[in-house]
Amino acid sequence: MSGQVNSKKATERVRIAIFGGSGYGGAELLRILLFHSQAEVVLATANEHAGKRVGEVHRNLHGITELRFTSALATEELEKLDDVDCIFLALPHGQAMEIVPRLPTRVKVIDLSGDFRLHSVASYEQHYGRAHTAPEWSKEFVYGLTEINREHVREANRISNPGCFATATLLGLAPLVVNNLIAGRIVVDAKTGSSGSGAKAAANTHHPQRAQSFYAYKPFAHQHVPEIEQTLTRAGDWSSELIFMTHSLPVVRGIFASIYVEMKNAMKLEDVRKMFAEFYRESFFVRFVEGSPDVNWVKTTNFCDIGFAARGQQLVVFSALDNLVKGAAGQAVQNMNLMYGFEETTGLMFAGTNP
Amino acid sequence: MSGQVNSKKATERVRIAIFGGSGYGGAELLRILLFHSQAEVVLATANEHAGKRVGEVHRNLHGITELRFTSALATEELEKLDDVDCIFLALPHGQAMEIVPRLPTRVKVIDLSGDFRLHSVASYEQHYGRAHTAPEWSKEFVYGLTEINREHVREANRISNPGCFATATLLGLAPLVVNNLIAGRIVVDAKTGSSGSGAKAAANTHHPQRAQSFYAYKPFAHQHVPEIEQTLTRAGDWSSELIFMTHSLPVVRGIFASIYVEMKNAMKLEDVRKMFAEFYRESFFVRFVEGSPDVNWVKTTNFCDIGFAARGQQLVVFSALDNLVKGAAGQAVQNMNLMYGFEETTGLMFAGTNP
Amino acid sequence: MSGQVNSKKATERVRIAIFGGSGYGGAELLRILLFHSQAEVVLATANEHAGKRVGEVHRNLHGITELRFTSALATEELEKLDDVDCIFLALPHGQAMEIVPRLPTRVKVIDLSGDFRLHSVASYEQHYGRAHTAPEWSKEFVYGLTEINREHVREANRISNPGCFATATLLGLAPLVVNNLIAGRIVVDAKTGSSGSGAKAAANTHHPQRAQSFYAYKPFAHQHVPEIEQTLTRAGDWSSELIFMTHSLPVVRGIFASIYVEMKNAMKLEDVRKMFAEFYRESFFVRFVEGSPDVNWVKTTNFCDIGFAARGQQLVVFSALDNLVKGAAGQAVQNMNLMYGFEETTGLMFAGTNP
Amino acid sequence: MSGQVNSKKATERVRIAIFGGSGYGGAELLRILLFHSQAEVVLATANEHAGKRVGEVHRNLHGITELRFTSALATEELEKLDDVDCIFLALPHGQAMEIVPRLPTRVKVIDLSGDFRLHSVASYEQHYGRAHTAPEWSKEFVYGLTEINREHVREANRISNPGCFATATLLGLAPLVVNNLIAGRIVVDAKTGSSGSGAKAAANTHHPQRAQSFYAYKPFAHQHVPEIEQTLTRAGDWSSELIFMTHSLPVVRGIFASIYVEMKNAMKLEDVRKMFAEFYRESFFVRFVEGSPDVNWVKTTNFCDIGFAARGQQLVVFSALDNLVKGAAGQAVQNMNLMYGFEETTGLMFAGTNP
């Protein structure tokens, strides 16, 4: 039958396990990795769906694969994993730190949760509301914001994949911070689609409420703030106050960040654009647009679209990405590509759609 | 302050209790009855929200009323209710039959659930999946499809308010059945908005899934089928097979029924329209439109819009209404108006919006 | 028939003309005024729909009124208008200034366009891209931001109704500016629903594009900026730089403004709330909410919901309203009520819906 | 740079021209063909965008290709086309018949419009409202409903690609008609997303109206009816009356058809399913689902999902597909694959997404 994916021999490819395959992060990892020319998904766990075919749970994948979900692995199984090269952890916050210490060091790990993003245990515990049970492991993890950290990612054995809001914000701010151009406080007005709340039904994603709503939430308290601040502090001479506000959009996919900065000196839009283009000259997945980006044009893709507006010293950077792709599974695969020396775009060369 | 609703003296108005005030049926009863010139809501129950102001739960009503939700009443409280004239039961299926036998006969009751719609206990138990604990009470209830049953409603003490799908279907079929015009099977392709699933978050109303979906559900098995068949059997010489199929729409509000019938004899559209207009000549809330109605034009209103298409003996009737208003709370108030001798439109004279 | 609206005798009521009845502003004026107990709509113009019943164009009003649209009035008809007391101008920018000089001074005028909002002709011409043909008339107009300008509105003969973004922004900023509490620049990240683009189909409101989109537009250049700055300059000791950014939301109705200010001194949320409550103590249509408002709870209503978040000297004010009601037609009627000495809430006492 | 698509040498691949590249059909052809391993898009026309980069018009393709749109070709250019192997015509109805007679016979043609679908000129002229200027060419065209017509497609030089409604309906009905199982009339209640109306803004796709709407249109008169009837007549012993009704859904992508048939004899669901599976055993893109399909699971893909419900002799077939992919561009490429002897799934092996 013509429809088999990954017809290349399995032994030539990286053997992948996905822990937490039933959520939206897992769904997107499967969508991408099942078609990745250099990877083979050999294991996907999903406790509540153990035994079911992947295509029963993610009905978009019906007919694409015969893979079945298994239960989460027991501790002793983790320690003996020998037919897996790379594990993607797409689990709720707090689970990766229980698993990572038990994995063979041979196995590469890409964690999509927040467990190993922060170097400060205190900050983790404050923002995630739980004790950290494996804080000593954080230093093993490279923060996987690919475009900023590409060289470290290439050599990493453990990746902590950035949060979706953090990715959109950092890609918009990094060139300015690295070049030390910002004066005063920064306001980030960030908006997310409903899939950011995960695959589980909840009051804030109940269709009758969400379909016609827009509201702010977690004011000043979003858990992506510390990873943004930690990254900017390392990136440059950062001393600004960050006002970070998250809002809920009635779209399914998308992060849009409106980033308001005051520049030390006025810059022409043209020069801002040039500086950003230079900063991201090797970054295929960062695209620059005239005027504003739109989440509509990045949905389902690994692109982050960036645009600008300026008046005097006031600069506004707009960034847009798909929270589940560049903000999660896509960037995770991008990191895997680098870790294995593949072309960075392998398996990620798909465009969005119009409309 | 100018914002007080219902400034008329309370003693002149019907004293209303709403049992089950936190669901969408309750929400709409409150929205309508708080502004009804002849009614006063004196009691609204909502166990999980007992003590909270109504406007905290239904934030659209914030600032409109100081009313607070109370817990559900205990049996002995039910029996002694003396400051209430009329009770609306907006509870999950299966609760009204526990309450109704305990209420003073003096109190009028309008039940929005399916508990007392069916005369056949067997049919109830089959379609609602539970035993009926008060079957002898069904005969006390008048089926409150106002336009069809207006005279009985006027004299009723107990009303069983029709289901939303049943209302849309029956208003479209009744004139044809009463006039004995239909040959052969009838296909009703019915669609509902997400609010029909209630106020509680669930997988089928999870925004990321529902926002871009359309699918059929409960094929041949929807619980509104028996009330449709029961009503049509009484209305005329009904012997057709009814193929009734329910689908989920990604709108918040609205029922749209496409009703396919084969006429015994071909009729011109003009004549069909005349016959319907005559049938509904006293029915303000049934409106006729050119071509197709649209749920967009009836949302939030008590209107049922009806349109037609015909070719030879094939007739298609389209009906559209708001599942929570004409399909639930609005029709319930319409029935209350008749029961108390008020103008049928009292409290219901609000238009939808454009857009 | 029970369905007649406005059964009170016409002679007792204000005789209303609506110029430009086919747009969304006109649609909402009609929805409100047809049910207003003190008003009678005697004339509604809509050139392309002249002769049609209002309910054919605004199908939500089908069955509600027999009123028909007429053509726009010729100059000589304007001058002789004697059966109209109050005219609402719901026309595209640039038309009111042609009409106003020709109207009898006896007739009250409420203009929903931007033609008479700005005292500076230069600013008008810059932001609206056309010459002003009646600049001397601007001083006759009172800026109808009801809650801020209530006393002047009461005595006004000519009202210039505020823009939707301006209303949301000014209601959120006015108490802070009047009390002189703000230091430094202000960032307003404002979002609007698609109905703000009007009733005419256009690329940016094409459903396949808009349904899943979010983007910024008109950076630093929205025409509501000058009316915001003009109003704040008069309200207090205003010298801040205003960074005002407009975005497009994929909802139909709603303005949401996230207003970021730095306070001269840190204030507790509780004190901010008290100050706002005091400022708006006579303002029924300004509601305060815990946390963030949501456009979902104000849709179709005349309410502006306001919430707050604070950290140190950083204060964020969130305001949400319906762009077509409090942001246009509803506020216009609110102003009419004051001009005629009616209760401010007359005809506007309708709640939104849940959901 | 790693982001180049189609790195294979151009000379080895089929050279493609797309006439009409700016509409949604063109957009999807480009999205698919730019990544097709055996094809190279060498020409794409779009009069109003001539000179612009494809990624400026279809912003999802920004960064993917350097291709620029050209003007439509003049007659003499058509006749001399020698660097193109295969032309996709994605033009409004009525243009293909002007172009096809002027093309070299060497060039393969796949026409996405309705111009060459119908063998009856009278029927064409009735349903498309225009004279046919090249009726003698219709017999050169093979109707490209791939799953039904696979062998003819393989040998075809000219393909007339089916309509979206026709594809969904025919895939659901063909096994029943071929096996001669249907008695009596057939009701097809079909629904389409807004992208079916094309890329041009119009009243029926104006976001404020469409976002919350559902309505029927073109009753009994949709132009896809004759191609459905023509195909079924050839497929089997077809004498049923077809009641075909089209409705507008507020989703962007998707066709959903509820197909109501009366079987000559009652069949068990299991047997229906088996018969369909057998009929489509070589058809990768037809998937069978438990219960109902959902447009959500086929969006952006070339799949047609089919499900069933039955009671006695009453059978309901549900089919769901993406109107722009399996209903247009995807099926067109599927046909091209067969015409060139490629694997049928080449370039079409992409899954939908969850969510």
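Just a few scattered comments:
Each chain gets a letter, A, B, C and D, in the order it is written, and its residues are counted from 1.
Keep in mind that, in the parts below, a residue touches a chain if its C-beta (ideal position, glycine included) is under 8 Å from a C-beta of that chain, and two chains touch if they have at least 3 such contacts.
Keep in mind that what you see is a predicted model, and the values were worked out from it rather than measured.
Ranking all chains by how far their C-alpha centres lie from the centre of chain D, first place goes to C.
Here A-C and A-D are compared, and the pair linked by more C-beta contacts is A-C.
The mean-CA centres of chain C and chain D are about 46 angstrom from one another, to the nearest whole unit.
Chain geometry summary: the mean Cα position of chain A and that of chain C are 41 Å apart.
Chain centres here are Cα means. That of chain A falls 35 Å from that of chain D.
Taken residue by residue, chain D touches two or more other chains at 24, 195, 199, 208, 212, 250-253, 294, 355, whereas all remaining positions touch fewer. Put simply, chain B touches chain D in their complex at residues 184-185, 187, 189, 191, 208-209, 212-217, 219-220, 241, 243, 245, 247, 249-254, 256, 258, 260, 262, 291-296, 299, 307, 309, 311, 314, 316, 318, 320, 355. Interface residues of chain C facing chain B in the complex, by the touch rule stated above, are 1-3, 5, 24, 27-28, 31, 34-35, 58-64, 195, 199, 252-253, 282, 284, 287, 289, 294, 297, 300-301, 303, 305, 343-345, 349-355. Those residues of chain C that touch chain D in the complex are listed here as 24, 193-195, 199-203, 205-208, 210-212, 250-252.
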